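Alright, structures below, take your time with them.
First subunit A sits with subunit B, and in the next complex the same chain sits with subunit C.
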Partner chain A sequence: MTETVTANGFKLDTGGQRVVVDPICRIEGHLRIEVNLDDENVIRNAVSTGTMWRGLEVILKGRDPRDAWAFTERICGVCTGVHALASVRAVEDALGIQIPENANHIRNLMMLAQYTQDHLVHFYHLHALDWVDVVSALKADPKATSALQQSISKWPKSSPGYFRGTQARLKRFVESGQLGPFSNAYWGSPAYKLPPEANLMAVTHYLEALDFQREIVKIHTIFGGRNPHPNWVVGGMPCSFSLNETGAINMEWLNLVSSIIDRSIDFVDQVYIPDLKAIASFYTEWTNYGGGLSGKNLMSYGDFPRVANDWSQDNMYLPGGAIINGDLSKVHEVDVRDPEQIQEFVAHSWYKYPDESKGLHPWDGITEPDFELGPNSKGTKTDIKEIDEDAKYSFVKAPRWRGNAMEVGPLARYVVAYARGDKEIKEQVDGLLHDLGLPLTALFSTLGRTAARGLECSWSAHKMREVFDNMLANLKAGDTATSNMDLWEPNTWPADAKGVGHVEAPRGSLGHWVHIKDTKIESYQAVVPTTWNASPRDPAGNIGAYEAALLGTPMANAQQPLEILRTVHSFDPCLACATHVMAPDGEELAIVKVR
Partner chain B sequence: MGIQQTFYEAMREHGITRRSFLKFCSLTAAGLGLGPEFAGKIAYALETKPRTPVIWLHGLECTCCSESFIRSGHPLAADVILSMISLDYDDTLMAAAGYQAEEILEQTIAKYDGNFILACEGNPPLNEDGMYCIQGGKPYVEKLRRMASHCKAIIAWGSCASWGCVQAAKPNPTRATPIHKVITDKPVIKVPGCPPIAEVMTGVITYMLTFDRFPELDRQGRPKMFYSQRNHDKCYRRANFDAGQFVERFDDEGARKGYCLYKMGCKGPTTHNACSTVEWNGGLSWPVKSGHGCLGCSEDNFWDRGSFYSAVTDLNVVGQVESRADKIGAVLAGAAVVGVAAHAAASVISHTKDNNKGGDSHD
Partner chain C sequence: MDVCLETDTLILGIGNILWADEGFGVRCVEALNARYAFGDNVRLMDGGTQGLFLLPWVSTVSRLLIFDAIDYGLAAGELRLIRDDDVPQYMGAKKVSMHQTGFQEVLASARLLNGKPEHLALIGVQPEQLDDYGGSLRDGIRQRIPEAIVLACSVLQEWGVPFHERVTPLASVELTGPGELAMTRYELGRSQ
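Let's look at the complex of A and B:
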């Protein structure tokens, strides 16, 4: 008997054909997916394996906590800045540092710019090719493409000549016989449903978005000096305002920020959102697949404080909480300090705990790598053909909230905010569902996840305007401070302090837990969005979000993993984040490096 | 770096007939769902000089190099990818996945043996038999070695590939190892930085395509056109350094006037990069201009040179290209904090004292 039911209620069947997809491309980092297909090519078992580990935990031990943001920022260069922000928040929490209002505004602006740019790049450059057939665009009539574009958006770049130009360029490219990043893909597959005109429109916007995303990140460059990897500082922001001096941020740069915000709103609302709706309308069957945990357990920490240093959910532009068993009538409060709430398990991860039946809160966590394949795996240690998911099988740990596997990310944030009755979010969601003629339950799907990210991109672009205006009002009132340096010097710190900093990163809930002892980092742990979503099984048998979402999906062709890519990409995986694992116990890891 | 041989010539050399070649072109066209008229065009293209194939591998890294690359304003990343090179493999951007993706690597070796550029982002970990970075079920280092043995030259993108970077900081638990220490028989050009500046990345590629050779490199393998001077040498706040006008803490009066960040730990005096000349994101700004000191992210082992907020004291300039004798002399003399540049040392000392008294004195 190969059929089982998991603790979180999913039916698994490990019989049938096993299909391996490694690498999963168009993501950050390295991920392997294995699935079992039944006779009708429907996915009946799914296994998510994070295949990299960088071991930053020992590296942070003993360092100056004011430096930690720079180290942790390098966990990820795609969602750049999110770890740096979580880190400075964790250190500020530990040391009791209050940041100025302007620093809060600037941090909000930088994170909103990150959402806008990251979601845009994800949709067009990491996800679109799952839905858009590039080669089919060659068959499009540019006039019809122009008519399509003009019927859905007032975006000015819509003439037949404009689309003819892109098509001619694409034709030259294909005729060269060198397809570059489009080589060996799945063009012509029956799984692609868009007419050639829609494909040409989307390919054109692939190029336009690639150009425009460069503009959005200039907000990071102004406040943080560059992008990727802008600079931050414990106690506020490193930049200063200098409204009547030469040498810092003045009216000219503020005007540039304002202009970028306006252009971002236009691009997202006139290009991304209409494309999203147009593409979604051809793939509404994807509201039936890929739901996984989303209809059950979702979590968001909440983020974007209106007023600095107040972490209550009432103060958040995007309020958080947890939904359990799909009950939207109740949003549970999440306490990141409570040792009983967030815990990480390693029974199926390539790490060792003294007692692997139990989970550990991040302040008490251990990270000791233990790479070993299970007895039923196929191949050898350095040439894995098939993973044995009954044993340890991933460099990703299994985080749980009160024992539950949770989905995090834009969809989780949107459902939590919707359940809390947030007016802006509700209006957006109801509007989109109305336009597509879909019920609320359609959200709990691959398409719902992709749609929520698009809505959030629009939300963040508009929210930048509100935050920017609030910042100007604060400057007008005479407050130009950007940093609080009162507790900058280590001799002002307590001998022993613990802190936690959390961020809603583009991909979901991110937390950093730090322990500072005698002015140095004693331990550091991060639990990141992709650790939640790409999670392997836990000792109780709960499967993670990717694994759950893949179940029940029919594949058009077992040799072409388009359907797997669609659902996995809908989460926007970030494996460098998921598998960096910061842990407190440097001593134990020091043994490992001898190997 | 140019490719002398066309794909057609390479196929003929491998004993493939013209007839088979044309059949291959028809199959390629059909495989893409295109009509027979495309077969002729593909055949024509393959008989003429191809765009240089680039295989872009990812080891242990954070993908900030790829993100930086797509920020390039001149040339645009899209123009590089569509018109200048043929980016045949890049797991961050490519449409295919799984074995269809991995197949491209062997196809590239078959078609362009010795004639493709290997672009490496990130590095291989060598501990645990290389299995801290698994791709296609195997250690990443195997894939790196296989592709390196058939490539023409290697670009080591960023500080991970060039030096090791964050995962190689002490105690380097995975034994993350830079490319030139794993691949020793191919030319490697290092383009360090965490990440490198976008226009530096596209500048290196376009130089190689335009002039058909590597740009001139320094002794550490970095292109001199971007790494021959220190950020400090061309810093627009250099006048404040020379005048002894320093920021003492973030957001103080000096910070608001854009004074020198040396005392806030700026590593500009020891960092070879183009930030102060090319600047970032279309020449808009760079870390010092925004108010934070340089982290030194393009230098070897910059993570283990003390806190980012400690003033430079361990000027490890001996052996570095173009270090001037007076600087080395100052360091060896143990001039510590004031040894950044001997010619400025006196003013640093005098004005540091003045500033500490709360004065805002200038020369």
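Let's look at the complex of A and C:
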């Protein structure tokens, strides 16, 4: 008897053929996925494993809490600012520090710029190649490509000569044998559906998007003083304003920020969104796959406070909450302090708890590694051939909200805000569904997840304009304060304090929980977006978001796991964050093993 | 504020300072910057493990000098200077951490985008230990920093990049990374 039903209602069958994909991320390792396929190559069981251990808790213990942001910024190769922000918020919360309005504006601007950059890079660099066939682009007719581009957008770079130039550049690159960013893919697979012209258009925009990053990061550089690791400070922001002078952020720099915001809006609305719609129209069958938890349980903490220091959802530009069992008529409040709400379980994770039938709230969290393979696994610890998911099987813990496995990320944020009746989000979502002729339920899918990220990229670019204008009005009214140093000195702190800082990172809900004792960090726990999404099973038997999303997907060819990549990449996985340390071996390309 | 200006030369330290010898590259840039002053056309950068997010800088320079810790299967502490076309394959050879897969792609993407950088050099060290979370460089690795800097100076001279030894100490705004993580503070702040 291999068929079972999980506590969260998914049917699993562990019979049939087992396929292993390891690692699955293009840029940041190390996520491993194993699936079981039935006779018709449909995924009937899925297992998500993080194959590295994290060291953050050990690294921060005993350190000065004011320094923690700089450490947490280094735990991940993709998300820096989000950890720094969660960290300063956690320490400010513990010590009761109120930040000035300008600091809140700047933090919002930096995060919105991060959304815009991250979503663009994710779509073009990490995810588009799951849908776009680079090699097919070489066969495109530049004239027809130009006509296609002009039919969907007013973006000026659209002449036949421009596309011919890109095509020639691409051809030289492919012929040189240095496929580089394009090496890890399955070109020519029948699962690619775009005509050559759409492929050429998308690859051209892939290059434009990579180059456009140069502009967006200037916002981080101006306000953070440095890149790629901007400066932050507990109590506000470390930069200063002086509108008419040099040596601080003056009007000249603010004008540059303003023009970058305008160009970001143009790029997203005239390049990314039209591409997204064009590509989506060829892949609408992907609204039937990859839904997983999204039609059931979704969560967002809410973020981007309009006014500083007010964490109520009414004050958030992007309001949060939890949806349970797909009931959009009720948005539950999420309390990150309540020990009964957010808990992490380790019954199936390579960590040890005194009682593994129970979960621990992050303030009471324990991170003690315990790497043992289950009795039914195959291979050795340094060369795992097959995971035993009935035992411990991942370095990712299993976080739950009131016992429920939750999906987090742009789709979760959009569904929660939609359910709350947020006007801007509702307009965007209804508009896109109308244009593609799809029902609301189409959102709960791989394509829905990818589409929500695109809409959010546009939302964030436009929201930068609003936040910037509010900040400028505040500055012109004479308030130039950027930090509050009243409680900077440790002799002003209580002997014992706990705090929590949460951020809606581009990938989803991020929380840092800190316990400060005698002015030093006593304990520190981070629950990152990928911990939620890549979560393994819990003691009650609920499967995680990736695991649930893969079920029911038919694969064209088990040797070319494009379908698995499409769904997992739609979450924008970042296992560096979720697990935090290096891999033991030197493998670089995805290994697909069929057993 | 010249932080947004584009430069001709990038001196980049990569790796994770939180994992012992993984911090070699970043610490080398820190040490180079402490001792020498460079002109406006040179940027010294603590690149951490940023991978693709380093592309805006890597894809716009003519000359790129990288410091990193790389597993070449040599004796711990052995230094290597790798030039031009050999750099990408060395960075992809055998990973000590995940950032190198990313960086190999960054170089390929930069070439595809702008045909840059035209000149590449990598100064790498064979690490001794990585899995000491929150630890600093092992002594045998730390001792190679001065030699790595001599190598860097010779490459920069060959490229015709001007620099001079500082007479006054470094101002805090000139640090390549946040003061919170400067080597001495990082080492002293660790709980015993």
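General observations
Quick note on the criterion: the second predicted complex is superposed on the first by the 570 of 595 C-alpha atoms of A that agree within 3 Å, B and C clash if a C-alpha of one lies under 4 Å from a C-alpha of the other, contacts with A are read in each partner's own complex, and residues count from 1 in each chain.
Here is the rule we use: a contact is a pair of C-beta atoms (placed from the backbone, for glycine too) under 8 Å apart; a residue touches a chain by one contact, two chains touch by 3 or more.
This one's a predicted model, so the numbers in the text were calculated from it and none came from an experiment.
When both complexes are superposed on subunit A, subunit B and subunit C occupy overlapping space and clash. Legend: residue contacts after superposition of the two complexes on their common chain; A:383 is shown touching subunit B, with no touch to subunit C. In the overlay built on the shared chain, the residue A:213 is in contact with subunit B and with subunit C.
For subunit A, the partner that touches more of its residues is B, with subunit B and subunit C as the two candidates. Of the two partner chains placed by the overlay, only subunit C lies in contact with A:520; subunit B stays clear of it. By the touch criterion defined above, A:228 reaches both subunit B and subunit C.
In the superposition on chain A, contact is made by A:64 with both subunit B and subunit C.
Legend: residue contacts after superposition of the two complexes on their common chain; A:491 is shown touching neither subunit B nor subunit C. Clashing C-alpha atoms between subunit B and subunit C appear in just one of the listed stretches 60-68, 96-104, 132-140 or 330-338, and that stretch is 60-68.
According to the touch criterion, the shared surface of subunit A, contacted by subunit B in one complex and subunit C in the other, consists of residues 26-30, 55-56, 58-59, 63-64, 66-67, 70-71, 74-78, 80, 121, 125, 169, 173, 178-181, 207, 210-211, 213-214, 217-218, 221-222, 225-229, 231, 247, 256, 576. Within the complex, the subunit A residues that touch subunit C are 26-30, 55-56, 58-64, 66-67, 69-71, 73-78, 80, 121, 125, 169-170, 173, 178-181, 207, 210-211, 213-214, 217-218, 221-222, 225-229, 231, 247, 249, 253, 256, 520, 576, 581-583, 586, 588.
On the side of subunit C, the complex with subunit A involves touching residues 1, 3-4, 16-19, 22, 45-56, 59-60, 71, 88, 92-99, 101-102, 104-105, 107-109, 111-114, 130-131, 133-134, 173, 177-178, 180-181, 185, 189-192. Here subunit A touches subunit B in the complex through residues 20-30, 32, 51-59, 63-64, 66-67, 70-71, 74-78, 80, 121, 125, 129, 134-136, 138, 169, 173-188, 207, 210-211, 213-214, 217-218, 220-231, 233, 235-236, 238-242, 245-248, 256, 369, 371, 379, 381-385, 395, 481-483, 485, 488, 560-561, 565, 576, 589-590, 592-593, 595, going by the rule given at the top. Residues 7, 25, 28, 31-34, 38, 41-42, 45-46, 50-51, 53, 58, 60-68, 70-73, 76-78, 81-82, 85-88, 90-98, 100-104, 107, 125, 127-140, 142, 165-167, 169-176, 194-195, 249-252, 255-259, 275, 280-282, 284-292, 295, 297, 303, 307-309 of subunit B touch subunit A in their complex.
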